[in-house]
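Notes follow the structure.
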């Protein structure tokens, strides 16, 4: 990514060591959140999310396919992510970068491991036909913390996704023309990313903070389940056991506030 | 001949554009950006540059160059589109660069590149013209020196009538489509394609109607830029 | 492409401003045209075309496949183009360049929009099986104006394409071993490319002219239909409304002469 | 709570590792190498460097960099895997580099690259941790300056019990998996992932169990390196 | 590959011109051979081979598929080769290099042309289902002569490959859960690679010898058949007719010794 | 043994080549070119260079290098071939470069590249040998310094008889195929492959027959070049 002047690094770090952030936020305070659901009429589910100035659009498109052999009665979710060249000066067109793959897979693991979509209800005919959902993540403005912004946008898009009612008749799937069903979303996931800078662990890093991070940790916690369901460390510095446990604890305490934006 | 034209399927007159909304400066990171809605189209355009590029073979010693990437989001169309460039988007990227280039004054930026992204968030007919229109606003927003703000619009033939700004439905069921882009000050044409079935006379009529459409949209581009400057 | 000495650019432009071309042709005069049909025995249709020193070989290969959902009774045409490394010093092997894609798509649109092939006659069984034709354009020597040369070669190849007679019996396609049918070609397309240099608009640009062009315009006109069916502007300079209308008019007036080579 | 834990399906106690074998210096051409077996996993790791690289954009002016390639052999799993990187291996390569980096002292090798290969010859659960463990031995074998030898191990939840070093079967049927890597001298954590379903308390238990597992494996790494030096 | 100091080239060449090799071997002597069969439990056949310090692992994985149209009663073999980045400093990750493709194809041609696997016995139901075998060659340490090492590993892996017994019942393939059949291997192939250095032709080149080779020749000879079944010349220098015939002769005379390692 | 050989399916004697036609200098842009027909094969070869190349890693400091691209047109075979290189064409490109290289004197062109294209317009058995033969003529036409003009020809076993220059049908139904290329002045062999089933004696017979075939074709190469020079 971009090279940050050493002086910026020092001043941000000094502030954090003094218990302050350069934009005045508390360590466990997120930036402003704005969620616009149903932004794409041609998508069965969609949302645009602004987290500070980071912007992500998510569209959900269903298709009908065959289930995997080992899960004949479950629908399928596929998460794909595009770090668009418009989102940052360093994002190049071309095959997905490791960063983009990591983002897609962390978001995907959150949805999958939390079991928040009831995949059994996406089965049309066991062993024959199931709904397959493409969840496409379009990052249009990168101003820090793509993980949390993307997860919020995916949550919002899944919650407004509607599928046509499908029936399996004479070896073929017949779709209802006017009846739809809501996507069976039975839980919500709060994804919280912290970065370690100096001696501090701060929630929802801004771009400035991400550019100088020592280590990063992302924690997924379910709303109903109240469980940890995913976690991902990043960055070239280590974290201590206690820093990790602190981050986990903050992920639980800040969860309700975050998820209130989805109501 | 165009006096007794019938209203179209969506109730528009033959020379009536779909509702348009243009906003400049919608992204933080990009040097310039614009958002455009026309009919059901939702389009974002961004500009980075003039800047260095590691793709040296694209650069020129005596002038800056423009590179355009037209891309459709997977969720922008009824059947999900596979991510990444296909043949259609490669062609549109190429002709969009040709369409925007004549207005740019890049001579003072040798060995540099201006990167334009046109992102089709939702598509409903006429995305290439709308994309060029949005990109021109983003170029202005980025402060790229320009002698004019390029603007695009299509005309075509539907039910044997020449009409402006075809909707997706008209494009699919119509008999011809003529997308163009112009530099409105001189009226010179920087993009021109045609497909379908037109007599020489019909083509001339379509060309003139598209030029008129461009001029109307041009005003909205300027308004959007004015709103952007006044908000700063 | 190649860099042309400024002096060449000036001398060609000066000539054109004086109403002359460097090779002595009139503005609306094409170079010599040579068409050799049926050059590939293993192809169902083929032709080699020389336009000046530009050379293109086209082969047509059919296969049987399923029609598209929205056109269950129509055959399918696919046009592909290879700018072979042998054709010019700057043509590199690898995935198709934007130039090669534009060429293939302009030629393809011409065939498609003129409806010169009766695709309904390529239907073997509605909704089940249709003929799919691969039209492969092989550019072997590039000396200017690939658009018109390629279109001519495609026309000639389509006009001599023969398909085995196909029948649909018991859910399978049975091909006749000796009976063939001509590809149902019901019209011809004249593709005319002009370039603007200085104040002039000249037909069928040579390599020298293409290398210094300001703007390019290609116009497709049908023979029987006498309609414009495709158009493509290129180049970094604009064209005026009147220049375009002039080019269109010349495309109509020179059409018969061009198509006479296909008889 | 962990006093009355049941034995696992393969007969192990909750805090018992699978049998492990580590050998250093198994390849001739590589600057450093290691072979590791744990349970049914068979893993090779190699190191080349620090050396120049023609991929200039990856290099840094003030330090050496590490590049990791985690790869599964087509025959390493039940259903043949297509050769070449997939999304999973790309992610693991990235986090494995992050996991190994903190221990390396590459400041004296600016503009150079250390290339690490982790080759999964046969996979039976926990390949990323085992691969990192093998790679750290290969790095030591290559003589790369390090402040510690990173070591990886997972813990997880199976049948509502927190257990260490999940087998393939346990991973598939279990409720959670927490792979980690540490620098054993300080106990600092350089890799951490989690998936599944854990309460805050269960997570803490798993984390501590995985740290214990790492420390046991760390001893075997040192023995393998001692054996390598003494054999030279 | 690597650049070899001119002095090494001269000294190796001088030795060979004097009838000696730098590692003391006779011209027709191979390095030590070590074969470990069945190294991969999850593969249906496998082997690790060391030839000197060159190391190759081969795994055989079967799948069930449709036969080719022109051979409806034959199983299918597919050979793939990975020159792993760990095997040599110059091996880069990415799409297969020409060297890797040549290696895979030479090994593949040997197996195929020798007809050592009875492909008819891999047919489950003619025209419907056959066994398809992926033979994956994993080069992990490159110290010269990948051809012969790879072929040995493939031979050893094929000879211990076991397939589940398959039956075709009601349009489906049913696999036995405990009964297996040995892969029908009815011959063995000895692959012998020689390089020409100076005036000499030496068998089983070491890395040092390969790096300065003038020409290379690989010859495949069947054990039972006692026939030449494949041959491949490489390198930028020519070979005389007599050098080739000498190499062929040596391939026959050294065959039995080589194949004895497979017993 | 070869005295009482039978005529072949297409009426040729065992040592009889298919009809051949070679023409030099058939393309305008290429520095050198050739067209060759043998049996049903139609082949174009072109040469550019010696010239600079942006693919620096392929260049050598002390000599020029040759790069060959063998390619089959999609329409050259009965079932359309997908465009672009496949494994077979990659291998043939590599060995064709090795086959042509020994005759070239590129020492005076360090850091430069000679690019050879072999384009199979129509294929009917023996394209690699015919392609090398055509490429050698194109290299001569381009004025590349050479000590000899390489020429290729195959021999093989059909119906238990050793025959020269197999047709597509013979290649498919035959028992062995031995394509070679030689430098005719010295008789040295620059390309050699074999597949099928040959005794040591049969191989020797095939090799000698292929060498004889090469020598006959060599004369036609020289005639084509003579015709080219005299026409200039």
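Note that the chains are named A, B, C, D, E and F in the order they appear, and that numbering of residues resets to 1 at the start of each chain.
We adopt the following convention: contacts are C-beta pairs under 8 Å (C-beta built on N, C-alpha and C of every residue); 3 or more make two chains touch, one makes a residue touch a chain.
These figures come from a predicted structure and were not determined experimentally.
J.: Going by the contact rule set out at the top, which chains touch both chain E and chain F?
T.: Joint contacts: the list comes back empty.
J.: What shortest step count links chain B and chain F in the network of chain contacts?
T.: 2
J.: Taking E-F as the reference interface, which entry in D-E, A-B or A-D shares over half of its contact pairs by residue number?
T.: It is A-D that reproduces the contact pattern of E-F.
J.: Sort the other chains by how far their Cα centres are from that of chain D and give me the top one.
T.: The chain farthest from chain D, judged by C-alpha centres, is C.
J.: Could you state the distance in Å from the CA-based centre of chain B to that of chain D?
T.: That gives a centre separation of 52 Å.
J.: Roughly how far is chain C from chain E, going centre to centre by Cα mean, in whole Å?
T.: Centres of chain C and chain E (C-alpha means) sit 48 Å apart.
J.: When the C-alpha atoms of chain B and chain C are each averaged to a single point, how far apart are the two points in Å?
T.: 27
J.: Among all residues of chain D, which ones touch two or more of the remaining chains?
T.: Touching at least two other chains: none.
J.: Where in chain C do residues touch at least two different other chains?
T.: Residues of chain C never touch two or more of the other chains.
J.: Touch graph across the chains, line, ring, star, complete or other?
T.: Here the contact pattern is a ring, one closed loop where every chain has two partners.
J.: Around the ring, starting with chain E and passing to chain F, what order do all the chains come in?
T.: With chain E as the starting chain and chain F following, the sequence is E, F, C, B, A, D.
J.: For the complex, which residues does chain D have touching chain E?
T.: 27-30, 33, 40, 42, 44-46, 48, 51, 69, 71, 73-80, 83-85, 115, 117, 119, 121-123
J.: So in the complex, which bits of chain A are touching chain D?
T.: Going through chain A, the ones touching chain D are 96, 98-99, 101-102, 104-105, 109, 112-113, 217, 225-241, 244-245, 248-249, 252.
J.: Write out the stretch or stretches of chain D touching chain A in their complex.
T.: Per the touch definition, chain D meets chain A at residues 87-88, 90-91, 93-95, 98, 101-102, 178, 182-183, 186-200, 203-204, 207-208, 211.
J.: Along chain E, where are the residues that touch chain D in the complex?
T.: That would be residues 39-43, 46, 53, 55, 57, 59-61, 63, 80, 82, 84-89, 93, 95, 134, 136, 138, 140-143 of chain E.
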